[in-house]
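Some structures to go through are shown next.
There are two complexes below, and they share subunit A, which is joined by subunit B in the first and by subunit C in the second.
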Partner chain A sequence: MITRTTDGFGQLGERSQALRSKSSMPLRDGSRIAVIGAGPAGSMFSYFLLNMAESVALDLQVDLYEPRHFCHRGPAGCNHCGGVVSESLVQRLATEGIALPDDVVQRGLESYTLHMDVGDVEIATPLHESRIAAIYRGNGPRNSEPMDTHSFDGYLQQLASEKGARIVRQLVSDVRKHDDAMQVECADGSVDDYDLVVLASGVNSRLAKSLEDLAEEHVSPALTKTFICEFRLGKEVIRETLGPSMHVFLLDIPRLEFAALIPKGDYATLCLLGDDIDEELMDRFFGSPEVARCFPGGVIPRHICHCYPRINIRTARPPFGDRLVMVGDSGTTRLFKDGIGAAYRTAKAAARTVAFHGVSADDFREHYWPLCKKIDADNRVGKFVFWVGSLVQRARFARRGVLSMVAREQQQSAAPRRMSGVLWDLFSGSAPYTDVFLRTLHPAYVGSLVRNLVAANLPDKNRDLPRDPGEERA
Partner chain B sequence: MSNDGEPTGVGPDQPFWTHAQQLEKTPPCQAQCPNSGDIRGWLGIIAQREKTGLSLEQAYDQAWEKLVNLNPFPATLGRICPHPCESRCSREAKDGAVSINAMERFLGDWGISRELSLPGLGDPTRVESVGVIGSGPASLSFAYQMARRGYPVTVYERRDLPGGMLRHAIPDYRLPRDVLDAEISRVFDMNVALVTGVEIGRDMSLEELRERHTLLFLGLGAQVGRRLGVEGEKGPGVVLGIDYLTQRKQGVRRNLGARVVVVGGGNTAMDAARSARRDGAEVIVLYRRGREEMPASEPEVTDAEAEGIRFEFLSAPLRILRNGTTLAGLEVQRMRLGLRDADGRQRPEPVRGDTCILEADTVLVAVSQEPGWHGVDGDGPGGKWLHTTSDGKLAEDLWAGGDDRGPGIASRAIAQGRLAAEAAHAQLRGEPMPEPWTSRPAVDSAAVKPDYYRDLCRSPAVRRPRDEWLTNPESEIDQTLTSEQACGEATRCMSCGLCFDCRQCFMYCNAAGFTRIQQAGPGRYYALALEACEGCGKCIELCPCGYMESREGSGW
Partner chain C sequence: MATLGKEYKDREVIVRQGEAGNCMYVVQEGEVEAIAEVDGREMRLRKLGPNDFFGEMALFGAENRSATVRALGTARVLTIDKKSFLGGVQEDPSLAFRMVKVMSQRIRDLTDRLAEHHLKG
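For the complex of A and B:
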């Protein structure tokens, strides 16, 4: 129900009736919209738009183009990502009427385990937020047996379809301006006219790249290469070795910003983020004892499925034009984390602009661009936070300090868990980077970190702290 | 560990990647076609004409040319071929096989209406002269393939007109004469001479012809109907089906009487039964096995039933009953299916004591045909089947094809003529044998993904209204597709095993490893930079037609 939404756009809808006439390009009854790509951004945009249009009695036709089938196993049916969503996002989607069923969201990740050369430490769920959840974007890894879970993207697509979007199983090969309309051409040669094209094809499709000249002075998102693979370990082995915990590695490997191993039923997803992940980096990663320790017998099995998805590290500029808007990764996303959350926010903002204002570049500049800029600004802070993180990764004394601080916080249930909270939000992406950064400026945080840096690096104070495997080796 | 048997360890020693490659494969239609027809190829020219900048007319012309490269009689085969090509079409389970046979007919008619000439191969005129005995589909296919390679060809035919069984046995309602005439005359427009009224072993000896020509092809056919070998068979009223059909084609009308029993379950039996029905008789077909086992093509049987022909399955003639010399009927032995023989077919066995009487004025016997020529050595059950190598060679200067090597459909005869010509040409020129058309690996049916294709229903067959079939008995029942239908059918081809520009690999490769080829055409749309491949295998999984696959040794 629209009236339940947190920002009450139902009311805005009534006001917007007046606002809509201001736009040079308002949508009318029967207006046709092409949404290209039925990932989370495209499906949620379609869903929100049809919801909002209904609230202002606007009759729109939404065609959702997606040639791929998310019910297929392996990379073909997958929109490759680590597949972690914060519970807060799951809850927020529920308030929008998107209640993710249990066979789509696998709840049950109860902690993060931080792996460093100086030791391992488990960070339990903070009290204010219950857990994190894992999903499969497609229908599981290549060659996997049928699982009791279903595709996250497939579920959202179905939701959009039930709301009235027409799913068109065609690959869009070109989008162009044609008089007052937008023309969408498919690979089989068919052409259709639309009043608005919503680009939600992500950054792992060539389409966005081939449309660079469509919006004036358009700059495509900047990309970097990541690595994701799947291991088949079996439920038993996962329970014994990984437990209900997402394993995060802070290792001193150049260009590696973030590495995590996420248990999902019989499988574990490994995710490496950084600056152009390549074979050299991966060799170093797989050669680390901290990684081998997470696998049974210290041997890393051969993975059954892998890919090198590109991620967006700089917003497209501007992510709109007349009768054209880019949502999700095609436009902007959060640095490294919470891409689905960003898809949700951009999809909703774009849908609101379209339903209540219009589809001109001016409409998007006024009502959509501010959100993109906000995400962008937060990403700049995020970049700094990750830079600090990489400094910690590089300095053994700093790693010891962090380990010590987290370990102490986890032992004392009553005291505020400042470092744990910072790391939790950084790993899960459940808070803006600006919030995370501001918390690290808190005097109590700084004080505690300094104390731990000193304590952890004094030889005789290590007794009650986690074992440092490096010392034994030395 | 749960993953026992799985290779373990990651690193340079272990195959870590799943490198992709592009590889053309043999589609199921081509694998099923006795003549290895490049069906995907000629349908692709039409379906992808806009990508290659062809007008519809140009596309039809080019498709026809590709089609007649292997089969000079598309309008004919488009009418009479039982089209095994459609039986394994990947589209079948989605929304029906592509109407390949109807498309072949459409293009054949297009070629006739445009008066297109059979394409030569640009070879110089050669001195070696070629003789062809017989003028059925095998002979004319051989003659065409040799003529287009520059050889002067002479065809010897014992009757007054060329065409063999196509002309002398297939009824007009299935194959109009003008269609056959148009296609046959194109062969004789090439450097092919026709000598009629000459029978080998009677008017001329084989040795004489071997002297006269560098190379000789025997397309003698198997035109003698086999008899039943039951009591009472000799005498009036028992007629061989093939003789009845041949006379009927020559305009000789035989009085069959009101009740006709046809013995046999093949296409000749169907032709005989339906012709007898057209001559006004009540017709019963007797077949010793069940309907499922009938060698006649299914639509022929269905149409025969629609025309009011009755079928008695699991029934064999025991003896012919006569009133004096006049035929009275036949005693029928009921059968059941017993053990499987060497071919895997269940052998029919008599059910003891279960017989009945069928009254009849004429019995048409269409159980099988045998060679009936003179002056050529051979062996086999009829005494004279020719035994050649697989490409049709009997001796250095003697080749053969068609029913004289054993009974088969016209498409097979055309294939044998063509293969013999290719082999004979290679021998004469001292060149290596050409690669067979189906030498590429078969498409893995699991690699073809019908759900990536737009739903497009098979064009309904165009036919004359059923109530006109018998009232206008010699007019053709099936009609040709419209151009609009033909375009639609061509679009339905899923292009199994060959790129048709669906663009998914190009669009979704994370590494942007595919680049568009400027001079694009069927099978040539994208180049894959192998060094860019990141081995995720996504292009292989997404490729709807099974063209992309993993490279050997790349660990998938």
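For the complex of A and C:
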């Protein structure tokens, strides 16, 4: 029997079309999108969505809800973050045509200085070029003098606004489903309907938690507490003591995963990341001579502004639903590093899904969820990498070996910079943790590390370790 | 005020025609000029300003620089690594949209100039 092939395919096509129309919800001209939160994730989502919509002649209305003005100094205008734009993000933004203005970059960083009890060593960027940006999310610390610089978040919000996003200065109090639409309710009682809600309010907002009721089987991100504070040192002191270098501490303090002092204009920002940073941990950190040596005269001044923001350490599951998607910290981010870079990547992946596919849960599952899973899988490797780092933190002989290997690599310009590259990418967040981990399995890396472990721990070799710059200054 | 990238002095060469390359550049501040060197003579191909990129052909296979690029006055330029760029495009193909758009505009400009030259000749 000969089947009517054309009709058969036609029926298949109709069924496929029916399935597609059931599972996909493409946007149309005039569709309305609410983006809640104008941090980097929200502003970049708005900017890239409008950019992509323009390229396919799709007319969308994007409302960007943000009650804060980033021109304010202190907590009122701040998004509570260490404020480092990684090397990889600086490059990607430049490729997109977004050059960070000079008045947004507080300082261009050229190197990392690793501080340990066995000595300090500076790891310079291979190209001797400033490719890491120290920025303020708001407009500077509490009670700071008016500065001639501007907020990073404010700059991105301005980009989104210039692209056509409408900034709504309202605090969103609730998001709910209403028939085939999403409803956004503001603190003043006003309610508006949208075809899509993009949650970009971070993890320090109560709204994220309330969404657990909205999306079935939704699990909010797992969080941990961090500590960030600002020291006023003045430009001259910063130039002499910290220079254009981010200072990273590898200290034997339990639960401390990462500590960095980031120079910015007149101020230096200190970030402590780990497993629920508390007073005891901070006392041990501030009591370390390695930390005191970074400050003039070895005296740590009183900080003028501080906060305990929570950070995402496990992806929300799933970070989407029908007509709902979570970007940046609200959804997923990289473990401990490059949160702004993860905001860019998730915001752009969500914008691509919305512009070219649709806004159903199936659309996001197919086109957005793979990136979240990729970041999540990399974070699992990152956890292992940080665990290995904690072993190094606890073992003095290992710290000597690491210091020796980096110091030798930095002295020999032509030699492969294996340990320097691993630490650079680990500190800067410029490469995936999986990439960093795989490089540590290279036989040449392992061989060099073993040689340096032996050489650095021989008694007569110890004096070859790099001298402590703090002692030299004294 | 703080800056990113590397500063080049007036007429300082950033890339030289014929040299191997494995990165591209984005102008952050100031201007640069792209010059083709033919039989010892220089011909300006184009002038580039903030946000313009150059050296992109090295990312897509052609390893040797097709032109010399030097600073016009003081210019600040950011380097984009080949690995970083291609890794980004692999994850997000739309990262190359702007570049494709600019490159197609450059082909259009060259076609116009070629046609103009042909008509004059």
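What we mean here is this: the second predicted complex is superposed on the first by the 435 of 474 C-alpha atoms of A that agree within 3 Å, B and C clash if a C-alpha of one lies under 4 Å from a C-alpha of the other, contacts with A are read in each partner's own complex, and residues count from 1 in each chain.
In this text, a residue touches a chain if its C-beta (ideal position, glycine included) is under 8 Å from a C-beta of that chain, and two chains touch if they have at least 3 such contacts.
Keep in mind it's a predicted model, so treat the numbers as computed, not measured.
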Is A:D283 touching the first partner subunit B, the second partner subunit C, both, or neither of them? first
Have a look at where A:S88 lands relative to subunit B and subunit C in the superposition and call it first, second, both or neither. second
Which of the two partners, first being subunit B and second being subunit C, lies in contact with A:A99: first, second, both, or neither? second
Which partner does A:R314 reach: the first (subunit B), the second (subunit C), both, or neither? neither
If you stack the two complexes on chain A, which partner ends up touching A:P296: first (subunit B), second (subunit C), both, or neither? first
Could you look at A:A349 and tell me whether it touches subunit B, subunit C, both or neither (first, second, both, neither)? second
Just to be sure I read the superposition right, which of the two partners does A:R206 touch: subunit B = first, subunit C = second, or both, or neither? first
With the two complexes superposed on chain A, say which partner A:A133 touches: subunit B (first), subunit C (second), both, or neither. second
Dual-contact residues of subunit A, meaning touching subunit B and subunit C, are none
Okay, in this complex, where on subunit C does subunit A touch? 1-6, 26, 28-29, 50-51, 53, 78-81, 84-85, 88, 91-92, 94-95, 97-99
Which of the residues in subunit B come into contact with subunit A in the complex? 1-3, 6-12, 14, 50-51, 451-452, 454, 491, 501-504, 506-512, 534-538, 541-542
What part of subunit A is in contact with subunit C in the complex they form? 48, 52, 55, 87-88, 90-92, 94-97, 99-100, 102-103, 105-108, 127-131, 133-134, 148-149, 265, 345, 348-349, 352, 371, 430
The subunit A residues in contact with subunit B across the complex are 67-69, 72, 74-77, 142, 169-171, 173, 187-189, 204-207, 209, 225, 232-234, 236-237, 266, 283, 286, 296-297, 299-303, 306-310
